[in-house]
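Chain lettering (A, B, C and D) follows the sequence in which the chains are written, and residue indices restart at 1 in each chain.
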């Protein structure tokens, strides 16, 4: 059986247009590689944009929702997972992802970067600087910084093969 | 966009051969309907059998694992969700399912039936009697009892259409 | 240091007066033994009654709330734990309890009995019959049935000493 | 009834001696104020030190354990809450705390700061700099920086009264 590669894409529920464009483009590239995109599932910001990019390019999209309902689900999420656990679902996001990509965001995104590092996952920052508090993880290489969606894909391939 | 229907299939991690055959057959019928099968994700009992039935018939299978790793994942699960939350993941199983089907099992399965009812989900019992403690829910019709995988599918169709 | 004994008291958020009186009396006896009472934390049914019984008799009361706020907290809970996880908090209720006592309730209470059994905890049923589905656990002695709060205390003492 | 004030104290499971001394001293001051100390419950680092400080000064200590057992529980925790949810328990830590104090730590502590901010809690940093990624929250005053345990107490009192 072919192994599924699940790539987590995190980032703000509210986001700048440039970051949403990057997230859309990243989603499309993930789909074109045949990987599964996983995110926080909601219909706004980086979640909506990355799911749309993957979905419109034939990709499978998994959304791990914080709510106990799907009223705020992105319509580009093909597999909604309804947790009813609020931000505790952030742990599921990172544990379920082979690699975590972090786009710009606020406290929620910072928590996902931190939880991913805590759980030993590689984290790729896409044009996002979470600040000096994470410098130690950049030194070890667990956390890497790139500027473009294409570089995210290249970095994931380095890890995969 | 076509709506995904996620059908949860619960049941024991240890199961009788007859129940595993039923679970396999149910998984295959779910796949043939084009629905997604969701279960607890492990490589044993009803989980393994139902995932295998769906997977071998072209279906998409989602496994919500209790562990913080995938060492015990069924190889027939195409989308593993790693929760690291033990039996608290049972809530996610039922919340994420449009309908919950319960095959024979022990305390874990009883907890999933109870949680599904608590969250207002319909529960279909496949040749399994969880006992008189659930009689009130059978009276209201939230809990229904059937004997065969085919009847499970018929019952779901009644609810869907 | 003296070990704390935490006794979980489960039961319906809506309850009959006779069951609330039993829960109040049980709470008071737990407090008089110097044990800590743990329950689901809300201001209704068995939760309110058991917390009140313990609190008014000098006991410490811990409430594990399903909500992400304390608006529905019982005022007799001295230590509110706010989980924001809905019924996934039922796992915490039973894992944190040395013994679980189940008073009459609905699907939520049935889920707590099942989860407690799954996690290997002893469960004492106080004038509550969860039905024939749990008979196997009564045969092994993991689940015991008693009629009065005093018998609950006697049973816990048997286990403790 | 007197309201319980629960103060969360976060920080590394591995910590420098100077930070453990600060955590111990902070725990003792929290106890002397009559507040409840809540932390992650384990027998190491800031958790052990802060619980010890509170416990040895007559305070009540609540430990929210990530494990599904209490083998690694600090013996200075009077109320252990066993979640079995790994780092998802970090959400419970911050939701249950009136104010969150963060002592020096790694990714786990950074996740708790971020989750606390996400949930709208005030966060007091005790001689810990989580980096420039949190600057926006310092500007709004949701995140404050102090140098000594005494200043933590003064800051909490400002918020309480």
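To be clear about the criterion, a contact is a pair of C-beta atoms (placed from the backbone, for glycine too) under 8 Å apart; a residue touches a chain by one contact, two chains touch by 3 or more.
It should be emphasised that the depicted structure is a prediction, and the values quoted were computed from it without experimental measurement.
Greatest Cα centroid separation from subunit A: this falls to C.
Fitting subunit B to subunit D on Cα positions gives a rotation angle of 180°, stated in steps of 5. Annotation: 40 Å between the Cα-based centres of subunit B and subunit D. Inter-chain centre distance (subunit A to subunit B, centres taken as mean C-alpha positions): 28 Å. Residues of subunit A found to touch two or more other chains are 68, 84-88, 91-92, 119. Interface of subunit A with subunit C (complex): residues 68, 84-88.
Those residues of subunit C whose C-beta lies close enough to touch subunit B in the complex are 85-88, 90-92, 106-108, 110-111, 113-115, 117-119, 129-137. Put simply, subunit A touches subunit B in their complex at residues 1, 4, 6, 36, 55, 60, 62, 64, 68, 75-76, 78-85, 91-92, 95-96, 119.
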